[in-house]
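To start, the structure itself, in structure tokens.
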Amino acid sequence: MLNVYLFQVLNGLGLGMIYFLISVGLTIIFGLLNFVNFAHGAFFLLGSYLCYTVVTLTGNFWLSLFVAPLGVALLAWITEQVLIKRAYHLPHTFQILITLGMALIIREASIMIWGPIGKSVPTPAGLDGVFRLGSFAYPEYRLFMIVFAAVIGLLLWFLLERTRFGALVRAGSEDTETVSLLGTNIFKLFSLTFALGVGLAGVAGVLSAPIRGAHPFLGEEVLGIAFVVVVIGGMGSFTGALVGGLLVGLVQSLMTTIWPQGASLMIYGAMAAVIMLRPYGLFGRS
Amino acid sequence: MSTTPTSSIWRGTTLLAVAAVVLMPVILPSPTLATEILIFALAALASNLLLGYTGLLSFGQGVFFGAGSYCSALVMIHWHFGLFPALLVGILAGALTAFVIGALAIRRTGIYFVMLTLSFSQMAYFVAYTMSSVTGGDNGLLNVPRPPVSVLGFELLSLASPLVFYGFVALLFLAVFVAARRVIHSPFGSTLVAIRENENRASAVGYDTRQFKVLAFVLSGAITGLAGALYALLLNFVPLSNIELATSEHILIMTIIGGTGSLLGSLLGAGSIVLLGDVLSALWPRWPMLLGLALIAVVMFLRGGLWGGLLDLKNRLIRSPEPPQPDTRQKDAAQ
Amino acid sequence: MSTVLLQTSGLGKAYGNFHAVNGVDLCVRAGTIHTVIGPNGAGKTTLFHCLTGERRPTSGKILFDGQDITHRPAHKRVSIGMARSFQITSLFQELSVRENLRLAAQGRDGARALTFWRPTEARRQHLEIADQILERLNMTARANTPAGDLSHGLQRVLEVGMALCGKPKLLLLDEPTSGMGIDDIPLMTSLIAELGKEHTVMLIEHNMSIVMSISDTITVMSRGQILVEGPPAVVRQDERVRSAYLGEEG
């Protein structure tokens, strides 16, 4: 019996880490660029589909874990150059509408390329076994997913807290003018940050593909969850994205067997409550 | 999102709306398609009151639409309500949900306001999904009747024929259109525009802006609820998708592409998108991609939407020596 | 001496341990032009925000025309006769000058504008007020210009004009010449002097030549408290005022 709970908790952690990766990208983009990206879920979807294609062509999941996020980030960089950078100064309402349009285009293009029916991705070779500890057994891939997402999270933390790039991003989210006075090309910094944030959604898309596959309407579902996480954790907060992601993942996982719609009701209810009672989230700054 | 309501310029709009409503069943392949256009035009017009005139981007429109269609359908199925009482229930359901969601959401502004409407929209969807014994859940609510027009128990007119039903919807649409124009040119409507332009200032000159925003929500919800009720009558069925976030997005897209801040724009937006979907969905199922492109294009280059574009074109043709003035001023303080 | 229109007693606004305004007893007499000056950080803006209702004081009282308005929200101060202008121009940029003024006039009894079934024209009195103010501001020719297209100086004038539309007993002006070019300043000075004949005016201002030429009473603030108060001639001579300002510069 205890093993069943442990199983669900681990599942929740895995889901939570995926949500963390998506949301931290969204939150970084919001924090530095003050940009609301409603296409974030669509880029996640693209990550899953690219993973499917690479795995189908080469049979190599590890290659896809490298190539797909880069592909997503590259596409994000191109859209940033062509469109997004012209929208930074616009009110949030307009940003939402523009990225909503982008999400539509990405979704429809995905259906054109990969068809309307979802694709499944096989569990990578070498991780298709089961990890055993006494009487407890857990799929190896899901454990790997948790560890890998944690490593990415650590690297990201290191990047944001310990490098010059991170210092500029953090300074920029406080005050863009100062950063441009420091002689940094602020536009380059913005483009990189946007590509990085979206690339993280791509990583999450690849990691989740062997479990959930790739389906055209996954993007919208994920976008909603990502906003819940970002709002609960506090817009722009790294810690908030981690804690919020894990919370949402755990709630969803523990409720799946009892009442899955109840989980969605709960998390969206929590989002509304947080905005009304504590608009800057659990870890945000006012 | 820039048009100022000045009645003198807009005097012809009602005539144009009447002309469109008369011509549509003649030009379009079926009266049913024309009816669908008018129903979504109502929804877009209601969303325009919030987005175009008050500056509020609400993802709650699908909830009001769904509430209108579910409630009116339920009272017809279970309690055998007649046509007008059922429509009234739809209107009240839309107004009431809009009051609740609006009153809560306007406690915040900007992105947090949008996120609140988004979360209420998602919650409403999951509630409708879960209460499948009432709403039919994923299967939808089946066997919705279309009662005849009757007064005091006397049956006056059956609405079974698509053309007659179109006529009925068209009369309602025109009534709402005229009423909405009146609202826009009322002290209330001008105050909504003031709130859109500069809420802080509106408050400083004496308006309790919350009251105005809530009332805008209620009016918008009532009209959207009516549209939802009519949609249930049209389909004889209420799909779960009525209350989905996608419906809110659909309504918003029609509003924006048609032109925010003009009521005829909403008719134009609903008309072109419903028609486009009807023509293209068989030929090219991926046509929503065009909507994505159009949405981006309108926000980046043509803030007045299709209607604004037409007005520009008209001005250019009539007064050719004087170049038209594209409205490029950005409102960076709009939040 | 005339009656007191606005009075604060022990007014304070604290942010944690920092007292931005600390025990201010201010007395604005009806029919006067009363200016609050002081070095940066003296607390004038916070005081002003407490008077307009933008900030809630943490201690003390505000009495206006005999009523306690300490905790009344900003929009409810208009109907009892207070009106304000903003330091940073705050207009309905895309609406015409006349519509800006009409909306301001309509705001005086704000909740009555909720009537969504009446045409705007049914309430002629607001348009009439707008036209009177247009004439008064000498802007009738620009009535249909979008407010955002006016020169900066005229936008400042319109800013004051909007406050006038509420037919206020007390005009609160937040640095009316802020950001105005040197050529436009006499326009504003004469406007305020003119207004002072019919209204009670309380303003915050940095430009000393204006302050000295139009004020009946000057209150000098420093570190959240009132340092000196009196007519211009007295304030000009006061040693403490000089050192407060010198302290700021040095």
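All chains are identified by letter, namely A, B and C, in their written order; residue positions are counted from 1 within each chain.
Keep in mind that, in the parts below, a residue touches a chain if its C-beta (ideal position, glycine included) is under 8 Å from a C-beta of that chain, and two chains touch if they have at least 3 such contacts.
Everything numeric in this text was worked out from a predicted model, so none of it was measured.
Asks: Which chain wins if you rank chains by how close their C-alpha centre is to the centre of all protein C-alpha atoms?
Replies: Centre-most chain by C-alpha means: B.
Asks: Report the chain whose mean Cα position is at the greatest distance from that of subunit A.
Replies: C
Asks: Rounded to the nearest whole Å, what is the centre-to-centre distance of subunit A and subunit B, using the mean of the C-alpha atoms as each centre?
Replies: So the centroids are 33 Å from each other.
Asks: As a quick test, compute the distance in whole Å between the mean CA positions of subunit B and subunit C.
Replies: 41
Asks: Suppose each chain is reduced to the average of its Cα coordinates; what separation in Å results between subunit A and subunit C?
Replies: Each chain reduced to its C-alpha mean, subunit A and subunit C end up 49 Å apart.
Asks: So which bits of subunit C are touching at least two other chains?
Replies: none
Asks: At which residue positions does subunit B touch at least two other chains?
Replies: 331
Asks: Send over the residues of subunit A in touch with two or more other chains.
Replies: Residue numbers touching two or more other chains: none in subunit A.
Asks: Under the stated contact criterion, what part of subunit B meets subunit A in this complex?
Replies: For subunit B paired with subunit A, touching residues are 55, 57, 104, 107-108, 110-112, 114-116, 118-120, 122-123, 126-127, 129-130, 245-246, 249, 252-253, 256, 285-286, 288-289, 291-296, 299-300, 330-332, 334-335.
Asks: Quick check on the complex: what are the subunit B residues that touch subunit C?
Replies: My answer: residues 2, 4, 7, 182-183, 185-191, 193-194, 197-198, 200-209, 211-212, 215, 219, 329, 331.
Asks: Under the definition above, what is the set of subunit C residues touching subunit B in their complex?
Replies: Interface residues on subunit C, with respect to subunit B: 52, 73-76, 78-79, 83-84, 86, 90-96, 99, 102-104, 106-121, 123, 126, 148, 162, 165-166.
Asks: Touching residues of subunit A toward subunit B in the complex: what are they?
Replies: It comes out as residues 36, 83, 86-87, 89-94, 96-98, 100-105, 107-109, 111-112, 116, 220, 224, 227-228, 231, 235, 261-262, 264-265, 268-269, 271-272, 275-276, 279.
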